[in-house]
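Should a chain be cited, it is by its letter among A, B, C and D, assigned in written order, with residues numbered from 1 in that chain.
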Amino acid sequence: MRADYASILADIATRIKQRDFPNARNADYIPALAAVPSDRFALVIRHVSGAEFAIGDADIAFSIQSVSKVFALVLALRSCGDDLWQAVRREPSGSAFNSLILLEQEEGIPRNPFINAGAIRVCDMISSRFANPDRSVAEFLGRLCTNPEIRTDNDVYLSEDQHGNRNRAIAYLMKSFGKLDNPVESVVRAYFKQCAIAMTARELARATLFLANQGVGIDGTQILSASEARRINALMLTCGMYDGVGDFAFSVGIPAKSGVGGAIIGVIPGEFSVCVWSPRLDGSGNSAPGIAALEMLTDAIGRSVF
Amino acid sequence: MRADYASILADIATRIKQRDFPNARNADYIPALAAVPSDRFALVIRHVSGAEFAIGDADIAFSIQSVSKVFALVLALRSCGDDLWQAVRREPSGSAFNSLILLEQEEGIPRNPFINAGAIRVCDMISSRFANPDRSVAEFLGRLCTNPEIRTDNDVYLSEDQHGNRNRAIAYLMKSFGKLDNPVESVVRAYFKQCAIAMTARELARATLFLANQGVGIDGTQILSASEARRINALMLTCGMYDGVGDFAFSVGIPAKSGVGGAIIGVIPGEFSVCVWSPRLDGSGNSAPGIAALEMLTDAIGRSVF
Amino acid sequence: MRADYASILADIATRIKQRDFPNARNADYIPALAAVPSDRFALVIRHVSGAEFAIGDADIAFSIQSVSKVFALVLALRSCGDDLWQAVRREPSGSAFNSLILLEQEEGIPRNPFINAGAIRVCDMISSRFANPDRSVAEFLGRLCTNPEIRTDNDVYLSEDQHGNRNRAIAYLMKSFGKLDNPVESVVRAYFKQCAIAMTARELARATLFLANQGVGIDGTQILSASEARRINALMLTCGMYDGVGDFAFSVGIPAKSGVGGAIIGVIPGEFSVCVWSPRLDGSGNSAPGIAALEMLTDAIGRSVF
Amino acid sequence: MRADYASILADIATRIKQRDFPNARNADYIPALAAVPSDRFALVIRHVSGAEFAIGDADIAFSIQSVSKVFALVLALRSCGDDLWQAVRREPSGSAFNSLILLEQEEGIPRNPFINAGAIRVCDMISSRFANPDRSVAEFLGRLCTNPEIRTDNDVYLSEDQHGNRNRAIAYLMKSFGKLDNPVESVVRAYFKQCAIAMTARELARATLFLANQGVGIDGTQILSASEARRINALMLTCGMYDGVGDFAFSVGIPAKSGVGGAIIGVIPGEFSVCVWSPRLDGSGNSAPGIAALEMLTDAIGRSVF
């Protein structure tokens, strides 16, 4: 460890608190996300050495939302292997994260597993392989962070379900192209439950460690091969930050995945995993304080993947 | 240096020679590219230590085409600084590299400097700052690889000019949005000349080294700051391989930029720059043997940026 | 009546029988449409004077499919009046009839009532105003053609329902924009039932007469005002023939609406309504023999609306 | 003649003067159009009987702009015949009149001759057939309205040329698809000159008469066959009013073509041609007072083509 992470984190938290994010706002499409206090902020680093550094609201649970897509993908890959890439491509989408336009032009094959269409398709594949798909992603996350209590927040799930018509449109469009194996309604419900999983920043940083550690999780088990872990990182870097992926790579420079709950997970391979959480989103749907904090972090340690 | 690069390169060259690339073909839109012998292959590594490893046709000159976009961007950044990012965005395009559709929807502001629209806009900015824009990119490349003889191949340029109507359409569309400062015809001609620069794989590997070496070129001069060099790498990783950027990041995992002449340059930051050249292109316009060779390379050394 | 319609019709039937339609085929997305004998042909003219001329399979029932959209629109207009045009626009779509692309770009407001999105929205409005929306369009058609036995073909309906996922995608997309009042599943089912109504060419010609007769139906009742009838005709002319609307106006030149069951209804205002039916469709989804027959008809009588 | 046209026109002129068009404005992309007094209004009817009715500024010349596209098309049809339809389609475009998107998707074949791409292609065909293409459309219009002095306004032409970069983009895109026969610059200049032709409303009504009169012009010569004239009318109805074609057919119901100079020409076949001119445009680029006046006219005479 070359850096004094504890003081770097303290410094970042202070600077974020002083800074204004005038155009950033909580997600408001469901009440549960709108109601989270906007000044919540947590930053947790889990080093491959086992050291852990946290500041802020690191032990308050929030809705992980699209961050779940990474872990659902890993779970699906572990059971399907590379066949998964017949069903989902690996290219940036170049348009808003929930757009149907590319999906229609490309005949129901999603551009990548981190846009909604791709994540729904991954959920469909999990549904074909797990007896209880609703629980499988939560249980997998529970294993990864060694907290078996990881659960879907039922109120958030019900809200997602009520506001999920665009995702149903996406799923029915894939279904109409013959690109969804299970019934639409059961797949989208499993998807909503996965998005509604509640975790803390500390738990997410721990769960992400295997991506920084050649596929080895915090309990020492091999979650993915080193090569597969590298590939998930590549996907996060090219597709993980919605329509802001290029700017994020440019200014922060690490593989990362964000969710509209305000979380961002990221890794510097061989060094650490990180989770930042703060609910106010920029125009692309990424946490604005979260991106600022990660930029400060890579500046401070003088490291990115580039 | 942890790897025995000489034997790795020899092994890659042998395997590429044995392998078939059934659907890959030379670019055929201009005669000069179609006429290059399809079995040409070169692979050159330039290590930050100064060591250099080469195999194959490393000293045969070819048309660098879109690889030039990286160096034109660096030249423009050196004179404009971050103002450049007011004119060109940094996001993957999600559609074919010369599409006008996104350019129209986004009112003449190119998605990134590596699609044609963005490269033409960069060329426009160079035209505003250099007395002899036609020569400036070639001279800059000459400095970077320490060969002052780097030149535009005039026959290739004339062919580009004859077949350059789509690029003129792109330039006039930007002009119609008020997003091009200089006359269309002079800008596209400077752009065609830049694309028609002839270099060898060895020269390109040398010219690229500064991106692997914190901004420091092979002659020890600081070409860009370390931070700027990292950012160029981020751009190459998210936008450098046309519509195959996600697959390339996934399977190779290094910042790279390709050209339809069959060259790909890439870097592993802190270690080496690389240039591979082989003229047969895949459906995305990237050298198929080139991608295969780079995948073998990152596999062999067990390293990528992820 | 200036023309000898009986002999004109006989002549058309003969010529259609002799002619080949090499690339035209029955709709095949549901078995019930694929199974109709491909050489079926009917042509019926209903003159405003009350005279009726028929040739071919004029009394064989078929699935009216999208022809129903005209009558559903009229039914909705009768109960909503011009408020309907707040919910549905009146512009040609310029792309395939079931595309979601324009619908997404235009935030859930359909381009016109004859593309699927628009017809589903009209069905939604009917559902808000009629106790038994499933039956209302069939009953309205029964009144118009004075055959109270007009019904949905239940087998066709069940097939539509099974293959209706793209329409569900469309409906959920509108729902996600807040542009659908009733539950998606009930609206699309009513829509499928409406499309599955079975009628004969004679019945459709009769039901259409009011559009040629200043809004007055075959039983003398005023179905729409003369001005409203003219406007429905305008809509059919600009939006009634899927993506072949321009060619049809050019070569035939009358307001018309087609369905994938092979029917086309049309009018020459002040003179007659016409229904042609023959199941083989061209690339735009319009009956190829039907268009040919209507072109022969307007040629023979030397009349179109132009 | 069933109607008292003189008093109908007087009434319309009075009502238009009293009415406000709050969101309508002169075209402002070139000074010559912006400078026309906004309250100019002319309405001229030319009956097939030879009678002529005019009110307002009927003898003030203005820039006919896209109205010229109809006459250029007729001129090209007279020399190419139906081969023209190999080069230009006949379908409504469903998007803004100068969009490149459809043109790219459809590989350089314009949707119809009244969008800019189609009109430029028609101009290209004229350029291949007339020694002096710049003058040919003006001379043809001069013959049609029996005023040999019809000319391009040179100041307007020079302005068009200066602001014509989007049209150049369109022309180069067609050229890149191999869909333009002559040099881009010469074709677009001929196109700009054609758009810059100056005429009065009276002259345009006269020039348009043949479309209402089975192809016979005001001097009794056959300009097109009756069948061809009907087809031009069909094209105007489906494609003549930019993105407002459906609403115009719905509310006015006659074949018409508008230009951004504020003119609209139209016909009721068998009865009369009409030209209305008033420079303030609605959001679709059509004269707002012009559309209102034509709607009053078809209401007053109780006639449309429907």
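The rule is short, and it goes like this: a residue touches a chain if its C-beta (ideal position, glycine included) is under 8 Å from a C-beta of that chain, and two chains touch if they have at least 3 such contacts.
Each chain and its UniProt protein: A, B, C, D = Glutaminase.
This one's a predicted model, so the numbers in the text were calculated from it and none came from an experiment.
Asks: In the touch network of chains, how many steps separate chain B from chain C on the shortest route?
Replies: Minimum step count, chain B to chain C: 2.
Asks: So which chain is the furthest away from chain B, centre to centre on CA atoms?
Replies: Computed centres place C farthest from chain B.
Asks: So what's the Cα centroid distance for chain A and chain D, whole Å?
Replies: Centre-to-centre distance between chain A and chain D: 55 Å.
Asks: Roughly how far is chain A from chain C, going centre to centre by Cα mean, in whole Å?
Replies: Chain centroid spacing, chain A to chain C, equals 48 Å.
Asks: Between chain C and chain D, tell me the centre distance in angstrom, where each centre is the average of that chain's C-alpha atoms.
Replies: Their C-alpha centroids are separated by 32 Å.
Asks: Can you list the chain A residues in contact with two or more other chains?
Replies: Not one residue in chain A touches at least two other chains.
Asks: Which chains touch which?
Replies: All touching pairs, sorted by chain label, are A-B, A-C, B-D, C-D.
Asks: Could you please specify the touching residues of chain A with respect to chain C in the complex?
Replies: Touching chain C from chain A are residues 99-101, 104-105, 165-166, 168-173, 175-176, 184.
Asks: Taking the touch rule as given, give the residues of chain C at its contact with chain D in the complex, in rising order.
Replies: Contact set of chain C toward chain D: 89-95, 102, 111-112, 229-231, 233-235, 237-239, 243-247, 249-251, 253, 255, 269, 304-306.
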